[in-house]
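See the structures that follow.
In what comes next, chain A is part of two complexes: it sits with chain B in the first one and with chain C in the second one.
Right, the complex of A and B next:
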C-alpha cells in the first residue's frame, strides 16, 4: 500500500511551470525528503499534496485514494509550516485542539487525551497553557508538530519546519524528528533546502531541480551514485567537483584528461559507449581527493577553510575550480602548489550535454548495475527503493 | 543625546519650529476649550455679550431637566445601536470583500462610497429615498412588508431611520480598516484553517476577529465618537430632533440651545458634559479592551 502517490503532477502559475509532471510513490510509513534549491518546486509539490494548491494536471493519491479534487481538510493530512502558523491568540492546548473541534465526532475528553499524549511525546506538557508569544521558536515548533500529531493523519507534510530555528536547535530537533518518525511510523513528506537535513532524515531523498525530480534514492546511494551532474553537485557538503574533460586511450590505458592533469580510468571508453577523444564531465568529491606528493593532479591553492575536522582547500586545477578536503593542520597556504591523489574507486563521469551519469567507478558501479544502466530518464522518478 | 545637541545647540530653535503648530492648536483648540469651560459657568445674554456668573447653575438646571435627561438616554441608545450595528455590518462586508476573488475593487468602491459622500449630501439623498410619502424605499417597505412608514410623525421610526443612516454612512470607514486588518492575517493561518477544516463562520469569529481585535478596539472608539458628534448633520437635515424629541440627541440639543435659543452658557455646559461622557467612554473602552485585545 502506498502512503502517497503522485502521478504526472503538474502545476503552472501563469506562464511559469513550478512543478513539471512529477511522479513519485511514497510507501506507507516512509520518510521521504524533497530537497532542492530555492524555486525548484519542492514546496509547491508539497502544497499540491496538501491540497493548498490546485493541480494543473496529474493526480495525487493518498492511501490509494485519489484526492486530487478534494479540499485540504478531506485529505487526512497534517502539515507543519516553516513559520509554525500557530494561532497567536490561543494557548498551545487550544492550538492543538482547534482543528479537532472542527472535525466532527470528537468528544472533549478524547481531544484532551490526544493532546496529553502528544504533549508527552513532544515533552511540552508544561507549556500547554501558554500562548505562542510566550514560547521560544523550538517550543512553538513542538506545538506545531503536536497539532499535527493529535490529528493522527495518514500523512505528515512538513515544509522546512526547522528553517526558522537556530543552528544548534535545528540539529537537536532534527534528531527528535527522526526519533518521532521511528516511533510513529507515519508516512512523512518533508521539504527542505538543506541537503544535510535531507540526508540525515530521509529513508529516501528526492532531489528536485527546475520543477522536476532528478533522482529518488536512499541518501547513501544519492551520494555514491548520483544519477545526474545536478545531484552530484547538490548533494554533499561541499558538493562534488565537476570539470570538463576529455576521455583518452593510450594503448591499453584509459585516462581522463583536462589541462595538464590526467586521471587513470579502469574502464575503456568503448565499454561506456564512447570513443577516445569524447568530451565528458569528470566528477570527484572533495573527500575523495587527497594531498599526495606522487599525485598527477596539480592544484594552485586560492582559499583555505579550516573546518576543524578537515581542512577544505579550494584552488584551480587545469583552469577549473576544485575543492579538496584534506587532513586538518596540513601546512597549506594560499598560493601553494599541491599535488593531489584521486581515489580510483570514486570517479564519476557525466554526459556534458544531458548531465546524466555515464559511469561510477568501482563500488559505485554495483549500485548502477542493478538499474541496468546509469542513464535513466531523470524526469521520471524511480518507483520504489534503489534496491528493488 | 549628543546628536540632538548638535542639531539644536539651544532649545530656542526647537521651540521656534514648534511655534506654528502650538499657535494653531492654542488658538483653535485650547483657547476655545478653555472659553467653553469658562462660559459653562455663566449665564449669557445677547450672544454672550452680557454674562452673569452662575457657578454650577447651568449644570444643575441641565441635570434636573427632563428633556435633557431624556436626550442623554436617547443618545446612549443611539450610540449603542450605531456602534454595534456599524461593527457588525462592517465586519460582514469586510469579510465578504476579503473572501471574494472577482471584482474585488468594484465591490470595495461600492462599500466605502457612502463614507466618501459629504454627510449633508447623504442626508438629503436619504431624506428623499426614505421620504414617508414619496420615498422609493418607503414604497417597497409598505408594499412588501405591509408596515405603515411615517417617520415624520412616529418617533421610533424616525430614530431608526436616522440611526440606520448613520450606520450606512460609517460602515465604509469601518470596512477600510477591517479589510486592512484581515489582509494582515498571515496566509499560513488561513492554510492551517484549510487543513483543519475550520468552517467559514468559525474562522471569522474564532480566528479573524481575535486577530483583528486591535483594529476593532480602535473602531469602537472611533464609532462612539462618531455616534456622539458626527450625527448632527443627518439629524438637522432629516428630523430636526423630532418628532417630539424622538431624535433629539445631545449634539442636536446643544446646537439648539446655542444657536436657536442663544443660550451660550447652557450650551457650553452641555458641551462640557458631552466631552466628559465621550472621554469617559473612550477611557473605559480602552481599559476593558486591554484585557481582551491581542496586540
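Right, the complex of A and C next:
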C-alpha cells in the first residue's frame, strides 16, 4: 500500500513551470525527504500534496485514493510549517485542538486525551497553557508538531520545519523527529534545503532540481552513486568535486586526464560505452582525495578551512577548483603545492552534456569495502607521522 | 537596547518632578500651551453654569450662579436626552455595521482570489476622493426612492460602507502570515470560523481602534441627519444642538443652554475614548 503517490505531477505558475511531471511513490510508513536548492519546486510539490495548490496536470493519491481534486481538508494530511503557523492569540492547547472538531468530529474529551498524549510524546505538558509568544522557537515548533500529531493523519507534510531554529536546536530537533517517526511510523514527506537534514532523516531522499526529481534513493546510495552530476554536487558537505576531463586509453584500462593530472581508471573506455579521447566529467568527493606524496594530482592551495575533525583544503587542480578533506593539523598553508592521492574505489564519471552518471568505480569493485584501500591508510599514517 | 533606553526615559519622566531652575521657562510654556488648547472647553464648562446676563458680561469668566440649572433644562425641556439616545443608537449601529461590512470586504480582498481584485480595491479607494457633501444629493434621492427618508435606515445605511476601514483592515490582514491561513485550510476550518476565531481575535486592537474612530465620527454627524431626518424627535444630538440656538429671549441666544448641551454631547465620545484609549493608540502604532 502506498502512503502517497504522485503521478506526472505538474504545476505551472503563469509561464513558470515550478513542478515538471514529477512521479514519486512514498510507501506507507516511509520518511521521504524532498531536498534541493531554493526554487527547485520542492515546497510546491509538498503544497500540491497538501492541496494548498491546484495541480496543472497529473494526480496525487493518498492511501491509494486519488485526491487530486479534493480540498486540503479532505486529504487527511497534517502540515508543519517553517514559521510554525501557530495562532498567536490561542494557548498551545487551543492551537493543537483548533479545527480538530471540524476535521474529524472529535468529542471534547477525546481531543483532550489526544492533546495530553501528543504533549507527553513531545515533552511539552507544562507548556500547554502558554501562548506562542511565551514559548521559545523550539517549543513553538514542538507545539506545531503536536498539532499535527493530534490529528493522527495518514500523512505528515513538513515544510522546512527546522529552518527557523538555531544550529544546535536544529540538530536536537532533528534527532527527535527521527525518534518520533520511528515510534509512530506515519508516512512523512519532509522538505528541506539542508542536505545534512535530508541524509540524516530520510529513509529515502528525493533530490529535486528545476522542478524535476533527479534521483530518489536511500541516503547512502545517493552519496555513493549519484545518478547525475547535480546530485553529486548537491549531496555531501562539501559536495563532490567535478572537473571537465578527457578519457584516454591506457593499455587495457583507461585514465582521466585534465591539465597535467591523470587519474587511472580500472575500466576500458569500451566498457563505459566511450572511446578514447571522449570528454567526460570526472567526479571525486573531497573525502576520497588524500594528501599523498606519491600522488598524481597536484593542487595549488588557495584556502584552508580547519573544521576540527578534518582540514578542508581548497585549491586549483589543472585549472579547476577542487576541495579536499585531509587530516586535521596537517601543515598546509595557502600557496603550497600539495600532491593528492585518489581513492580508486570512489571515482565517478558523468556525461558532460546530460550530466547523467556514466560510471561509479564502486560498482565495478564491489568486493572491496569502502575503506579497504591500502593506499589511503598509508597516507593517513604518513600524515600522522608529519604531525609529530 | 532601544527599548531599554526608552523605558529609562519613561521612568525618568514619571518620577516625581523636580523643578530645575533652567527648565522653568519650558514648564511655563507647556502650561500655557495646554491652557490655550483647553480654553474653549474650559470656557464652555464655565459658561454652561452662567445665566444669560452673566454670559454677555464678557469679563466674567468665573463659574456662574445658575449651577446645573442649564443642564437640567437642556435634558428635560429641550429633549436633549432623546437626541442623545438617537445619536447613541445611530452611532452604535453604524460602528457595528461598518466594522462587520469592512471585515467581510477586507477578508474577501485579502484571502480570496477573484477577477479584478485589485480593480475592486482601487474602486473602493476612489470613493475616498469624493467629499461627503458631493454625494449628499444623489444619496438623498436614493433614500427617497427607497422610502427610507426620516428613518433609522437612512441615518445608518449610508455610513456602513467605508473605504478607510476596508483599507486599514486589508493592510492589517495582509500582515498575517499566509501559513496561518493554510494551516486552517488543511484543518478544514471554514472561512467564517476562520474570520471569527482567528482574524477577529488577532485584529482586536485594530477593530477596537476603528470602532472608537467610527463611533466618534458617527456621533459628530450633522449635515446628513439634518437633511434626511425631518421629525424632530428622531433627530440626532448635533442637530439638536442647533435647535438650542433658536431658544432664548429677545434675540439673545441662551449660550449657557448651548454650552450645557455641548458639554453633555461631549461626554459619550469622551467616555469611549477613555475606555478604549489603549487599542486606539495601538491601531495607530503609538502604543508603547
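Just so it is clear, the second predicted complex is superposed on the first by the 360 of 388 C-alpha atoms of A that agree within 3 Å, B and C clash if a C-alpha of one lies under 4 Å from a C-alpha of the other, contacts with A are read in each partner's own complex, and residues count from 1 in each chain.
By our rule, a contact is a pair of C-beta atoms (placed from the backbone, for glycine too) under 8 Å apart; a residue touches a chain by one contact, two chains touch by 3 or more.
Bear in mind the structure is a predicted one, so any value in this text is a computation, not a measurement.
Overlaying the two complexes via chain A brings chain B and chain C into a clash. Judged by the touch definition given at the top, the superposed model places A:52 against both chain B and chain C.
In the superposition on chain A, A:77 makes contact with both chain B and chain C. Residue contacts after overlaying the shared chain place A:98 against chain B and chain C alike. More residues of chain A are in touch with C than with the other of chain B and chain C. Applying the stated contact rule after C-alpha superposition, one finds that A:85 touches each of chain B and chain C. Common to the chain B and chain C interfaces on chain A are residues 50-52, 71-74, 77-79, 81, 83, 85, 87-89, 98-99, 102-103, 151. Residues 50-52, 71-74, 77-79, 81, 83, 85, 87-89, 98-99, 102-103, 151 of chain A are the ones touching chain B in the complex. Interface of chain A with chain C (complex): residues 50-52, 71-75, 77-79, 81-85, 87-90, 98-100, 102-103, 147, 151. Taken in their complex, chain B has these residues touching chain A: 186, 188-189, 191-192, 194-199, 202, 206-207, 210-211, 213, 294. Taken in their complex, chain C has these residues touching chain A: 177, 179-180, 182-190, 193, 197-198, 201-202, 204.
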